[in-house]
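Presented sequentially are two complexes of subunit A, the first with subunit B as partner and the second with subunit C.
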Partner chain A sequence: MAIDVGTLLQILFWGLYAGCIYILLATGVNLIFGVMKTVNFAHGELLMIGAYVTWTLFSLTGLNPYLLLVATVPVLLLFGIAVQRLAFRPVLGSHKLNEIFLSIGLIYLFQNGAAMIWGSDYQSIQSPFASMAVTIGSFRLPLDYVIIIAVTIGILVGLQLLLRRTRLGLALRATSQNRKAAMLSGINVERMDMIAFGLGAALAGAAGTLWVVSGQVFDPYMGSVPAVKAFAIVILGGLGSIPGAIIGGLFYGVAESAATYTLGGAWKDAISFIVLIVVLVIRPTGLFGERGE
Partner chain B sequence: MRTVLIAAIVGLLVVSACLAGCTQTQASAGGLKLGVVASMTGPASTTGKDVWQSAQLAADEINARGGVFVKSLGKNVTIQLVQGDDESTREGGIKAVTKMITDDKVDVLTGGFSSAVVTAHESIVADHGVPYIITGASSSTVTRRTDINTSTMFHHAPITDASASQTTIFVDEVMRPAINAKFGRPADTPLRMAVIYQDSPFGKGALDAIQSTIAAKGLKIQVVANETFKMGETDYRTTLTSVKAKGPDVVYPIAFLNEEVPMLTQARRDVGLNTIFLAVECVDDPDYYKGLGQYGDYSIIESRFSAYAVPKGSISPNVGKYQKDYAARFNASPGMMGAATYEGVYIAAAALEKAGTTDQAALLSAIGSVQVPEMVESMKNSTISFGNQYHESQFNLFMEQLHWDPATQTLRPKIVWPAALKETEFQIPDWYRPGSV
Partner chain C sequence: MDLDRFRPYLTWIALAVALLVPAFASGSLYLLTTASIALVFMIYSEAWNFLAASGQGSLGHAAFFGLGAYASALTASRFGLPPVLTVLFGGLFAAGIGLLIGLTCVRLKEWFLAMVTFGFAIIIQTLMVSQFAGISGGWDGTAAPALVPSSVPFAPYVQYYLILAVLIGVLLAFRALLRGRIGLAFAAIRENEVEARASGIDPVRYRLFAFGLSACVAGIAGALEIHQFGYVTPEVFGTDISFWPIIYSISGGLGTLAGPLVGTVAVTVLWEGLRGIGLTYARFVIVGLLLILTVIFLPNGLVSLPGRIRAWRRRREGEGD
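Coming up: the complex of A and B.
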């Protein structure tokens, strides 16, 4: 089978785009897990709520949807803080099953709540840059996806700066590394839990906005599949490792795209888990995970 | 404080859980209890709402006229609807149908959308021997399967084989000559078709039907690509890039509404696949036109009922009235699945009158032999009946071409085939690029 280079690059590009959404989701899951040691199964629903918040703001204001990222991210940050405070904190430290069933319950709550507020019909919006593209030979780069990749890089750089260059980041990392020691050194770990959850939700919200501006359709039930993939990426990259989430997300995006092209779309989801199984057999802690996580 | 918060969360969870999977009863007690299987929640809820509202419209029309005369009772009785939400899932369908049969004691069932969901709950219906007028589920297996007793199932929707076959014939009869003529190709040049199909019995059945139609009728169509996708997929960019590389003259997706809209949008907007897309008949819904917008310009859709096109012939006044009444009552345009369910309620009413009793065995026999004049969908011999071996009604399908009106910012269809029903000629847009030969 002869493959045109332009086609190959185009497929790689679609993989990078898909990887961006996965990276933002997986990084949020990892941040929450790293600090709280809790897996939020309703994380995909935060992506969905982010998409609806962007859509609502777009419908109300008509502003460029990329600008609405500035509004959606804080809304989801506050929403995440509220969810952590009202739902997770009361059960934190009790049996792990409580946390698991709570987050599973939240999936249904968020889905039905969104259906009640926004209706269960699918929605989509058009980006103002929808018709613009950069063409290099037979390689066509729609402008929206170039912006999405750039925005994702910007968010990740900002997150790294927050975690590495600020006192808050230091406190979050300390809580993540050793909760008791962090507490003994005067860090309010409960506040760190709220902030980590809020940041995770904000990243999911950003992914929701990028999902919407790429012209993807969305409905109250759209979060489940991306969430499952985000969890797989987290395990692949290593629990609690943000670089692992980034590399894992990119790898998944490209692997899915390659599988769709070579084996057909029916293999898209399967290939992700085949890769996961292979990596775990070779390295049970994931690519960047440490023993004991 | 903590107890209050936990109690509040538990309360909200209970309320949200109750929102799904509940059944709802309309109208007063007595008369024919008609269970309507509709996807009121979940991904297919747009269609589910249309199904339920259309059933309400039909039942209210019948009841407003005094109901149905039942000979054994010597009086008219009303149609009482019972809503069963299948939650767009197999499990939800089983739960809803079981409740309607065992708790609500429905006499007849109608509705049902997805083939996967319907085939899952059919065994419950078969076990209880309840007549079921299935108005969705395009897979032929719903009445042709042999693992359960399907004698109580009546299929009032075109099966995949018939609809895929009709579209393939249209491509050969209308599109191929037009494209060959426009681009100066010899008249017998085969048309290059790419098929992108859902990885499900629905998608595979349609692909088989396309290929067998081409082979059986010797059509000059070459299938240059057949690509699969998972049900509910939203990202088709890689698949479309692969299809584009094969140089198709036409792309035929076997996809649901929520799949075809992003597929076609991504094809035109992101991948630059400037070809004509076809669509299966089950996507002809107002949301399809709204979702596609300008990207649907010049695309083709197979149909049996459209919210925005009225085929010529005897059903024209009925279609116009139905569209008007539906819009007036629900402030929305009706969809195809709703139209079939609207007829499903009338079929049940006609069967009740013919049976002259609410006895289930008599109703079953009456549905099997009833002859209802065509209503809002064009039927073979202008009649709705389930006379054939598999209890399938026979539709006259037509093809529409969609046109974007920049002034009104709307996408609307015009019927282009067959000749007896068409409103205008099939057109090839200036931006169209034929596949490489």
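Coming up: the complex of A and C.
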């Protein structure tokens, strides 16, 4: 089977597009881990809540769903801060397994709370740009893919600017590097925990909006599979490393897209398994991760 | 009332209650079935808790529960073997896969282990409905013959006591293991791996052993469960099934033998009660909230409650003097 350049580009582009949602999730997981040293296993549920918030706002206002990103992200930011303050902070510093068990309670709470509020049926909306495409040479790119990739790049650049160019970013990075030293320099590390969790939730919320506008279906239980993929990417890129999450996410999206194209759709989800095992056997702390914590 | 006086007899009281359940449930198949399933989940939760005792928290034990279920159902229905035997095969099969998964997991720290086990369960489910759909029957699942054929007189009762016997066997085995050298090694690894290594304990070997045995018992539990239901679907690999033993163990008391038993009874009673008043999604919300509250306010579970109350009383009496 001869693969021409057009097909190759198509696979690459699909991969970039699919990778966007995983990158946003994985970056959030790593941001939270970097600062709090906690993995939020209910992260996929934040994606789901983001999707429903966008959907609700869309049903109420009928605005262009891309614009609703501006509303969904702050809602999830506040939601994340509340979750950190009410659930994670009380167990911070106790046994690590407690934080994992807490996330499980949150998964139950969020999934079924969402089912109570929004119902458990599949939902989807159609993007206003659904039928439009950008033609480059021999192949057509759906306009939505282009916008989603651009939005993701915009969000990541914004996050990078926040982390590198502001005092808040400096404080977040300091907390992540050395919590005690940060505390001694007068940084309110508990506030940094809340902000990091809020930012992570906001990124998941953005991913939720993008999920909805790309026309994919969603229900209250949609979060677990993307979350597993985000964890695979986190493991691939190294726990706590944001560049690792981005590179890992891109690699993962392209690998998934290539596997779907060459092996068939059934392998789409199983590829995360293979990626996980290969990476873990070769390097138990991930490709870019440091040894130990 | 002084609970301490009853303490030495608690085991016997619990055993007596377990033996007498079918008498109370006479005529009500619903009660007997609920009790039998609760016993299965006690076995399953003990398996999860045993792994937790070695310092490993699995978020994907449904993988082993489900593999045991499928292995047993398929061998029983394809080769016509009696389920009482194939249940053991289910356990061995789950243990085999468990050891393979364990090999990639034993060197991992808490987070990685949790992520990987969480992923494994979902991925095995995906494989079952895609690559192995020909064998497993895909989403439709596959039939499983009854654990005790209905031709046997009092089949549901025989089945209940059979499961109870397995539970007692599992409890005795885990008790012997945890009170012996292995239990000490687990505690050493859990508390401080470097020191454990320094005293000549090989953490990898002990963790792998815990993984294999836990997977085996979880597989047996899965097989017992589906032979009761009569069929098995890929839902058995769902996150719900992975999370139940965690909920039971934590609400009862993590790392104790009695914990999963107490937790299973308490949560099952609550669960069935909430079903009784017609709640569906709200049940899960309530259980999720209770799990969060337990982790925050009662991290050692219900078994630690009497001690807590005693301490609280003593403090109050002290203040009164």
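Here, the second predicted complex is superposed on the first by the 285 of 293 C-alpha atoms of A that agree within 3 Å, B and C clash if a C-alpha of one lies under 4 Å from a C-alpha of the other, contacts with A are read in each partner's own complex, and residues count from 1 in each chain.
One rule holds for everything that comes next: a residue touches a chain if its C-beta (ideal position, glycine included) is under 8 Å from a C-beta of that chain, and two chains touch if they have at least 3 such contacts.
Quantities reported herein were computed from a predicted structural model and do not represent experimental measurements.
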After aligning the two structures on subunit A, examine subunit B and subunit C and state clash or fit.
clash
Is A:56 touching the first partner subunit B, the second partner subunit C, both, or neither of them?
neither
Using the superposition on chain A described above, determine whether A:276 touches subunit B (first), subunit C (second), both, or neither.
second
Would you check which partner chain A:109 touches, where first means subunit B only, second means subunit C only, and both and neither mean what they say?
both
Which of the two partners, first being subunit B and second being subunit C, lies in contact with A:11: first, second, both, or neither?
first
Under the stated touch criterion, which partner chain does A:160 make contact with: subunit B (first), subunit C (second), both, or neither?
neither
Of the partners subunit B and subunit C, which touch A:120 in the superposed model: first, second, both, neither?
both
Is A:41 touching anything from subunit B or subunit C once the two structures are fitted on A? First, second, both or neither.
second
Subunit B versus subunit C as contact partner of A:234, first or second or both or neither:
second
Give one of first, second, both or neither to describe whether A:98 is in contact with subunit B, with subunit C, with both, or with none.
second
Stretch of subunit B, among 40-48, 76-84, 112-120 or 220-228, that runs into subunit C once the two complexes are superposed:
112-120
Just to be sure I follow: which residues of subunit A are touched by subunit B in one complex and then by subunit C in the other one?
87, 90-91, 102, 105, 108-109, 111-113, 115-116, 120, 225, 266, 269
Help me check something: in the complex, which residues belonging to subunit B touch subunit A?
2, 5-6, 8-9, 12-13, 16-17, 19-20, 41-43, 45-46, 199, 227-230, 232-239, 241-242, 244-245, 258, 261-262, 265-266, 269-272, 287, 291, 293
Across the complex, what residues on subunit C touch subunit A?
52, 57, 59, 104, 107-112, 114-116, 118-120, 122-123, 126-127, 130-131, 239, 243, 246-247, 250, 254, 281-285, 287-292, 295-296, 299
Which of the residues in subunit A end up touching subunit C in this complex?
33, 39, 41, 87, 90-91, 94-98, 100-102, 104-113, 115-116, 120, 224-225, 228, 231-232, 234-235, 239, 266-267, 269-270, 272-273, 276-277, 280-281, 284-285, 293
Looking at the complex, which residues from subunit A come into contact with subunit B?
4, 7, 10-11, 14-15, 17-18, 86-87, 90-91, 102, 105, 108-109, 111-113, 115-116, 120-122, 124, 126, 130-131, 133, 140, 142, 145, 215-217, 219, 221-222, 225, 256-257, 260-261, 264-266, 268-269
